[in-house]
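What follows is a pair of complexes built around subunit A, which joins subunit B in one and subunit C in the other.
Let's turn to the complex of A and B:
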């Protein structure tokens, strides 16, 4: 078995044994019903007492063949409203960038917690989309309104 | 009793408080305190015990079906401890010998105590040789000097290595307490992960980078090194998040303590499993 498969199986085991409150993460099913450990769906709860609260934001996590040498790609739905999310939904976060802070020992748990942190603390220095970045910098009222609308859309039951 | 006898002042016949040291006695002292063969014997014995212990550890490591015997390792440790203590005790004698107030006696040119010189010695109030020695010896018993022993034992690499091995055999998942730190602060040592951070599986051939002391499974870090060498930067960052060191092939060494942890952990685990099955 390759390091990639061994590691992903262990990540799944560890997640099932213990994971942060309010999150979920599971491998997707392939057409034939078996699990594809390289494609996961996950949910990131917005932190309490932030604009993002009371909602769980869906993401997909794609592990490349070179994982854990290379980082997984994390995506929100297309056109997700956040200054550091590309129009395609791809998250721009230094720990998910091979050229920046990605390290093979970073676990799935650390990744989803990193994404949760990013929600309410956008990074000024790496804008990834026009609407959310401009609103965040120039029209905070509009930004907050948009974020709250989005939270309603993904409201947790 | 005659009158003339009564006139002799009895005070005068008392031995003076200060007695000159006979030069032969000083030589005897030098000889017995300055014994070069003792440290040599200690050195040879320390080396022999260390070699025997190393051979034992190596043998058990090479034979995975064997378990480390705590009593054997403990006896190696005790023997070393005794030798280190002897070395320390001997260094105390050396320190007494070299102390200026003691060695000054060797150069003293004093006439022997005779009835003629008795009177002049009566007037000397210097401390005697034996008093100086005693004072020095008592000084050596003070806590200031017993710290010297602790320092000596902390500095002894192999002794500490044995100590660490014994600790991880008994507590395979616990952090080795740092003796240099305040003991009170050290009650709750963290757990040590016995899993490779790259595969998240238990180690079987753990290697450690000398630079940052991070441990990985050999085959998995080798893979990282190959990728690093093929990368644009031609370096391999340590895979641990927030570690700023790079990994070089030459810095990797077998992590013996981790190997022992894993073996002890598996042994303890199998034992509890056996008990479960029996019940």
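Let's turn to the complex of A and C:
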């Protein structure tokens, strides 16, 4: 088994033992029903008392072959409204950037918690999409309105 | 002591630190004390404080030594080490238990001194401690045997465990230290436990400490083996394992519970951290845990028969279960391959029994939750090991027995967890829902392992409970749990194979729908907020494949009734209404052709929603999309036209109400928040127009979707547009975004309008949203004069889309028509805002990329745009502007879609066009070099493509342009380059011929002129 697979098995094991409340994360199934440990789906709940609350935002996590030397790619659905999410849905976060704060020791739990944090605390140093960034910087009322609409779209019970 | 460090002042400060409640005072005292502690006199101060009568002061003294040792390199370690031991012994003498917290800190100081100086330590630290404590010098072995009192033994154990724990905490890797520990202190560790094993009756506290000390050692060994080449052997560890195991003797005595608890922890640490060192004891541990006459089973019997015990010792039970899991986890493959073996069968029975621990999960018991990961791991092992099993077991009968046994085990477990997943409390804790999700994950795994039978069993449970629910209200729990687990399994399925869903799952789901699932739930009083409604709602949201089938589509009426009742009832939690609307939308989009008969009812509901501002905006918009999606499936343009007309008419009426008699829409309370309500409502009305547009997009390849005859009908109808729908849409846009003052300056309104106009641009045939570009331009020209600044990027984006989708029809004159009012006339406004610079540059960039001929020759482009883009390149360092501007210039330099004539014009412009009296080529390179040199390191990569394309396209000219700039601006950056260096750089750059190596050259240049180094 490759280093990559061993580590992902371990991540899966750890996630089952202990994961933050309201989150989910699991490897995707392939056509033959087996698991593809390098492709995960996960859900990030918005923090309570924030604009993002009462919704679970779906993401996909794609682990490259070089993982854990290289970070996974985390994606929201395309056109997800957030200043640090590219139009393709890819999340721009320093701990997910090989040239910035990624370390092989960063766990799946830390990644999803980092993404949850990012939701309500955008980093205006690294804008990734124009509409959300512009609204965040220049028209906060519009920004809040759009985030709330988006939260309704992903409402969960 | 110096006057600055007057001990009385320090004592006063310490007193304040421990007694004051004034945080600012505490902060200033802390600052002062920390300065003393870090100073060269810290050691003297610490020693002095340790002499004080107050324990708090003594502790602060010990702490001061820690700070001092951490911040100073000592020329002589022996004397402070001895002095600390002396202080430890004094404190032991004065009262071991009362002074224990200070003693611990001092022992930690000893370990700190050792870890920092182990390479130069002249004597073994434990030997030093023992020798000073016992007052004689003998071999360590003899000294250990000479330990007499409880305090002496405990001090040694404490020191050893603190030392190894402190090594683990070290941030730096110290492989040599690990080697030294193995050859010295670890030997003493063994001697101590050999000695302890010989003592008949150790004090209780010593037993506890000795177990803790082994835990520390085990965790240390795992760290040491991970960070060095040092390895420990079975022989090394046997003494410790034997020591622990002797505490778990056959006779169980409740008074020893704390010792048992520590022993569980130590053994679990062994199994989890260094399982290979436990190999020789595996059988022994298995016996201990699972043999009926041994400790483990007695413990299990006790917790199952004595409720009071189970409640009182819940944490000990958790630790025991952890130990069981740790043991089983290292034997998963063995267990999974030997389920036909009696001993394994016996072990699994114990674990199954533990999983069925009595009590309400989370509230009363945590054992069942603890065991979920174990069952998941075991199920995974069966899945991963399936191929090997069929290789190992040749005999068909045996293989059948094996598979039956496997199914029996997981069936039993599923029955247990099915019950555990039931919601028995009126308001369960949120942790219970988390637990329930874990159970669902377990069932998903079981489904992977057992497939359809488990799905079928759950469907049967639902079906049978539906039959008795009227007479037996308790059946509700089974029903809800069954639906919940079916939802979770179904939601996890990926339908790569439609046949499987249609042939296998649809009949199973039909089994319970046919028993009146929806009606039964609707018959529950106040069902809207009942948990079963939430569960049903979630299940319906993932049954689109079922509703698409002929069988499932017969339940659409009752399903829609239920979903709409969830939306329309005033009792429903708003979140559930939203989920209902999402489910309706999904079903409508997936099964539109089966829903045509619902259109009249849907229309009534939709019209009511359009009229009533109190409906949730998102629900209104989703319903509009749902309605039009179904209408579109009829493929009759006249019918669709009529339906769109009705909705637009209603939207127009509502607009008139909002403008003329808004108060009629609102209650008194809402009138107070007039702006908020009406703005959101009107925005939603406009969004509904957008939803119509989205739902009208041809959903697949035109030829697959419509016959040639139908295409003809569509085009004919929309060319004629007998109901003037296109005109109605444009009127709506004009009214909302140009005439109604409260909305005119709202960015969101511009965004919606632009989106509406974009809907039909890419459509292959005529339709209600297919507008001629001149109509769109006309609207945009009007809109840009009546909008806020934040709206402008949306206008530019729409221009870009028009250019991309109408490139064949557009002329230079058309482009000029739109660009003069939207760019030229706005020039000064644009310059004031970086976002607008970016948006406008991107618009030009797209035109250059798509059909450069549209602007290359225009005066606007040559006079204004180029100059504007030069400023953008030179002056802005925000990443998003750099990206946009560099892309503009790269598109201009390459003109990938340009004709030969376009290329000639471009070359002419670069060489001949004068901007401020200097040719464009020189100007571009000047701006590029200034922008590049001053760019942040992280932005360099964005510039490379432009340099490389310039080298490729203007090899002769570029050399002169760069040389001209550098020779006249050699002081640009922080380092002035010599003429030779400039010549070398430019020559090397040109030699790259624009290949990738140019990136490195440019980066090195940037580093040099910015006086930075690569990292």
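Going forward, the second predicted complex is superposed on the first by the 157 of 157 C-alpha atoms of A that agree within 3 Å, B and C clash if a C-alpha of one lies under 4 Å from a C-alpha of the other, contacts with A are read in each partner's own complex, and residues count from 1 in each chain.
Here, a residue touches a chain if its C-beta (ideal position, glycine included) is under 8 Å from a C-beta of that chain, and two chains touch if they have at least 3 such contacts.
Bear in mind the structure is a predicted one, so any value in this text is a computation, not a measurement.
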Between subunit B and subunit C, the one with more contact residues on subunit A is chain C
If we overlay the two complexes on their shared chain A, which of subunit B and subunit C does A:149 touch? Say first, second, both or neither. second
Could you tell me if A:103 is touching subunit B, subunit C, both of them or neither one (first, second, both, neither)? first
In the overlay, answer first, second, both or neither for which of subunit B and subunit C A:140 touches. neither
Examine A:130 and indicate which partner it touches, taking first as subunit B and second as subunit C; both and neither are also allowed. second
Have a look at where A:95 lands relative to subunit B and subunit C in the superposition and call it first, second, both or neither. first
Once the shared chain is lined up, is A:11 touching subunit B (first), subunit C (second), both, or neither of them? first
Hey, what residues of subunit A end up touching subunit B and subunit C alike? none
The subunit B residues in contact with subunit A across the complex are 195, 197-201, 220, 223-224, 227, 237-243
In the complex, go through subunit A and note every residue touching subunit B. 3, 6-7, 10-11, 14, 66, 68-69, 95, 101, 103-107, 110
Which subunit C residues qualify as touching subunit A in the complex? 372-373, 376-377, 383, 430-431, 434, 437-438, 441, 444, 448, 492-494, 496-497, 534, 537-538, 573, 575-576, 578-579, 582, 616-618, 747-748, 751, 790, 793, 835, 838-839, 879-880
Interfacial residue positions of subunit A with respect to subunit C in the complex: 13, 16-17, 21-22, 24, 26, 28-29, 31, 33-34, 54, 126-127, 130-131, 133-135, 138-139, 142, 145-146, 149, 152-153, 155-157
